[in-house]
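What follows is a set of structures to go through.
In what follows, chain A forms one complex with chain B and a second complex with chain C.
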Partner chain A sequence: MQITVSQYAHAATEINVVAPLGRIDQASADDFLMALNPMLATLGPDAPPLLLDFSGVDYIASIGLRALMVAARQAKAGGGGIGIAALQPMVREVFSIARFDLVIPCFDSVESAARELSACK
Partner chain B sequence: MQIKFWGTRGSLPVAATAGEVRNKIIAALTAAQGQQFADAAAIEAFADQLPFAVQGSYGGNTACVELTGAAQPGDLEHVICDLGSGLRPLGQCKMAEFGPGKPQTYHFFISHLHWDHLMGLPFFVPIYIPGNRIVMHGCHPNLEAAIKLQMSAPCFPVEFDQIGATVEFDLLEPGREYTIAGFKVRAKLQLHAGDSYGYRFEQAGKSVVYSTDSEHKLDNRVEQNAFIDFFRGADLVIFDTMYSLADAITVKADWGHSSNIIAVELCQEAGVCRLAMFHHEPIHDDAKLASLYDETRRFEEITRDGRAPLRIISSYDGLTVDL
Partner chain C sequence: MSALRHLPRALSRFSQGRLVSLLLLVLACLALYHIETTPLASLHAAQFDRYQRQMPRQRDIHPVVVVGIDNLSLAELGQWPWPRDRVAELIERIQSAAPLVVGIDVMFVEADRYSPEELGKRLPSIAPDVLRALSDPDRRLAQALAAGPSVIAVSGIDHAFPGTRPPGKPFYRPPHNDPNLAHLIRYPAGVASLPVLEQAASGEGFINPSPERKDSVGQQRGVLRQVPAVAMIDQDMFLSLPLEMVRVALGEDNQTEVEFGAHGVSRIHVGSYSLPTLPNGELMPHFAAMRDEHYVSAADVLAGRVDADIFNARLVLIGFNVSGLQDRVVSPLGDSLPGAEVHVQVIESLLAGAALQRPPELAQLEIAALALSGLLLIGVIPAMRPRYAIAVFASLAGFWIVGGYAAFHYGRWLFDASAIVLLLTPIFIALLSSTWIIVDARQRDAERALQATREETARFNGELDAARRIQMGLLPNPTSDFAGETRYQVAALLEPARAVGGDYYDCFALDTARLCFAIADVSGKGLPASLFMAVAKTLTGALARRTADLGQAMREVEAELSRENPECLFVTAFVGVLDANTGQLDFVRAGHDAPLLARAGEISRVDADAASGPPLCALGDYPYQSGRFQLQAGDTLCLFTDGVHEASNGRTLFGMPQLIEIFAAHAPKTPIDQQVMAIRDAVRRFEDGQPAADDLTLLLLRWNGPESAALDQPPAAVSAR
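== the complex of A and B ==
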């Protein structure tokens, strides 16, 4: 799976945006988490929050949701902010059926996520 | 093969509260507003088309599932998974059908020794009838001790050795194939406190898997593959869908249960025909269970990905499924 990493400036706060592309399933979940690891390691109370731009993700299996749970847990432990934005309608439905909107904050767009995550800091 | 669900609730028997029954009546009357019914049959037809959570109920008895195979002449053997509180109405039904005069053999397959899976036995009338034969099949070496424990003071007034039926204990080995009461049976170890076992039954080209109180760890691909093999091509898989996926892997991790999401994914990978949601969370009322059922069907639909559809049912006390 392809993962792009970009920085996104919102007002005075920087936010790191990671944008995975394609399916997060049995074949790609490990790679996905591995790609996230260096970003998760930088998270902390004084570091920019991490936002996962999911607009390019068209399928997520339970193993992918588990990877997100691990990421959210790691972010929380380090006192850093994490969120997920711009889910495609079907992926959003999976999130809601799995009750994953309670595990990781979900936002409609990268823009609104950047605003909210920055405000939390 | 016919499967009858006598108890489908997890952990603890429950009953609908007065408030829940009132809500059903209000919903039914609201739906009937302004309608005229010509006769009793028209009223019944109207009731039958109301949503299940309004006109019916999932029931509240704990795990008990009966398997009936092709009838063999003179065959008086019954096959039942688990001894939950659903075993009480099952016993009453057998008494009504056979009475005390026709001795029967009851084969029980025990998933594990937690109380919700054993509690129906003291209220199963056929054990008090001399001539009946009870065979307890299971993989726990302490099966006999656990079953006797609940029928001893101070737990219950009748001691186990006072019952009239003869009882045999048959320790099974997981992974080995047995032929019992006309079924081929194989057990599989499952992740649950104190261990639990799933059972796969096959007869005349039909197969059913009873897999409850079983947690699935998403990062253990080896075990997932073992379950996919165990479920492979089954006509029906009865699966513990007690929690949401989020709960099952966060706050309720290691509590020994699973979710609708994992159920659908494993059954899809195993090419299963039908999935029965089972071991319902006792906190959920009928409306909640009905909405979980809808969500599970929707999840199957959006993840089908070119596969043959997996049929999903949400089991309820009294449901029969013909395979």
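== the complex of A and C ==
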């Protein structure tokens, strides 16, 4: 499991973009959440929103969904914005079955997500 | 934590090993200090002999010729003692060639038996004037001795006895109060030749061997390692015969001096030659291999068979060389030498400046070397791995042994490394074994920890087993529960993965008409997941029974589950209620796959999108609504968890298409419980031995139609309708 983090600037708002690579399964879910934690801690009403770029994720197990749920919950509790973008087909299917679009806002692309998330601010 | 706990014990072992080693080192130093009283002394001497054997003195000078009174001489000229005039003739022949000196390893204590005086006593009838006319052999010998530089032998003895008197030609008469004299070997009395011979000879040298002693490098095994160079006989100082020969050969102009140091005699100087000595005036010649080319027979000399030139400008020694005579010694090189050869070796040693030296400082140096090496080992070994410790000890031993050989080679110093190494060995072994004990103890600690982990794991597995049994015990058995039911059939299966997962299925009759069934998957593994599963299952069952609206029931289930959810778990679930009489299906899909539907040989999905929500507890307050679906008689529903379609063979996943295919192949003619097994077998076949990562859960429900129809017609006919 690899986690790469990049900063993405859009309009006046800076958005923190996290781009994990590979599979989020039993073996890597904990690492994934651990890597997210410092960024989740910075989320707040005045902080830039966090966007998960999932273009590099080709599989997500239910334990991975749980990590996303925890992240969403933490963001919500802190009043920060969070979103997920660019799902691959298989991950998109898992999301639609689990209705996780209800848990964490999903976007087609990083650009549209950045637009939407910064507009929400 | 455990390492800290064992630290004090390891430390005490550590210092214990050092303490024992330190004690051993003190004992070793004491042993080396008193080495002559220990069995180590023979080791000591053996090492010194080894130096000489491996590096004997090279004989590049041949200053001495020995004229041997040998077997041939006795055969030709009769038994010893020979008449003195024959000895005189031998000396005259040698002196004619102008040797540097003639030394005679013989004492002539009594008058010759053919001297006029002796003949007169034995034959009183001989007239005195006849006797006077006879030549005196002793006078003849005195004349021969006086003809050139000559040395005759004397001997120191412990008690004077009749006929003995101290010799009269010492090389030095020291003042009586010289305190240095106390160091020297001292003989109270002496035996010397007739006064007439003493006066004729240029000098007298003693021929005593070293006295028996136990306090120094002594003569174990009869090996001759040292000879006295200088000794006191009565009040006078004498050189040994070979040194006296050199002194006389060098002439009166050359100074002979005994040099005293702090411990006694340190060196003896004869002219420009000098040798180091032991404190009592003994010296240790550096022995060369025995060779006999400088030996000639006295008989050959007397018969003129020897070219007298060989004596010219040489030191000539007349001595016995008879086999069977007791006057033989064993040299450190292992050669059996005639007594005369020892004198030769001493002379050669002096002229070559080649004597072994072992001043008392060297013994102190050995003790210092032992102490330092021991302290070094005690300092470094306990911190080392045994392999490196052995290397350190080997290099240290090698250093001293090579040093010992080097000291002998370059300075003829007798430095005994073997005793040092031998005495260091027990110290090293004590240190190493204590190191080994520590290593061993550490290993045992590690094994204990491993064992504890294993036990822990076993206990944990036991708990998991218990959790699994509880989990499995919660699951209903639809085959027996609905044995008499004809309107529908239910078959279900849950095979847990190695670690407990959080899948479950459920099915129970709400009343005579309605069947409630569910399949669910708790996110996560292990004990928390299985406990959460138990709670979720119980709550779902209870609330579904109590609440008429399924959507309402699920909202309450979520609310209850979210109340206590520290692990942030969630449950995907599909819950349905079938009216067995009408085929009407109410359901809620909470983040779970919609069931497959087999209808008239076609496989489709139950369209559940309208009544879909996220998994239970994902949001905590999602307004679940129930959906409705109409079954036809003969329809079969297949509910599954991701343990089915995401089963892996290590390369690919089982996948939905395969699940649909195997479901289609067996519907609807196959009895429903066999169909469940067929799907399960297909998944396991696909996995091909790869251990399952997730629980495998299946629930199949077939609606046969209302009671009356089902009674009349077999399921196959229903599906054909």
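Quick note on the criterion: the second predicted complex is superposed on the first by the 121 of 121 C-alpha atoms of A that agree within 3 Å, B and C clash if a C-alpha of one lies under 4 Å from a C-alpha of the other, contacts with A are read in each partner's own complex, and residues count from 1 in each chain.
By definition in this document, a contact is a pair of C-beta atoms (placed from the backbone, for glycine too) under 8 Å apart; a residue touches a chain by one contact, two chains touch by 3 or more.
Keep in mind it's a predicted model, so treat the numbers as computed, not measured.
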| item | value |
| --- | --- |
| Overlay on chain A: chain C relative to chain B, clash or fit | clash |
| Partner chain(s) touched by A:A35 [first = chain B, second = chain C, both, neither] | neither |
| First (chain B), second (chain C), both or neither touched by A:A47 | neither |
| Partner chain in contact with A:S62 - chain B first, chain C second, else both or neither | both |
| First, second, both or neither for A:L21, with chain B first and chain C second | neither |
| Colliding stretch - chain B into chain C, listed as 81-89, 99-107 or 153-161 | 81-89 |
| Footprint overlap on chain A, where chain B in one structure and chain C in the other make contact | 26, 61-63, 65-66, 69, 97-100, 102-103 |
| Sites on chain B touched by chain A in the complex | 218-219, 221, 244-247, 249-250, 259-262, 265, 295-296, 298-299, 302-303 |
| Chain B contact footprint on chain A (complex, rising order) | 26, 59, 61-63, 65-66, 69, 90, 93-94, 97-100, 102-103 |
| For the chain C and chain A complex, residues of the former touching the latter | 521, 523-525, 568-570, 572, 590-594, 612-615, 618-619, 622, 642, 646, 693 |
| Chain C contact footprint on chain A (complex, rising order) | 26, 61-63, 65-66, 69-70, 73, 97-100, 102-103 |
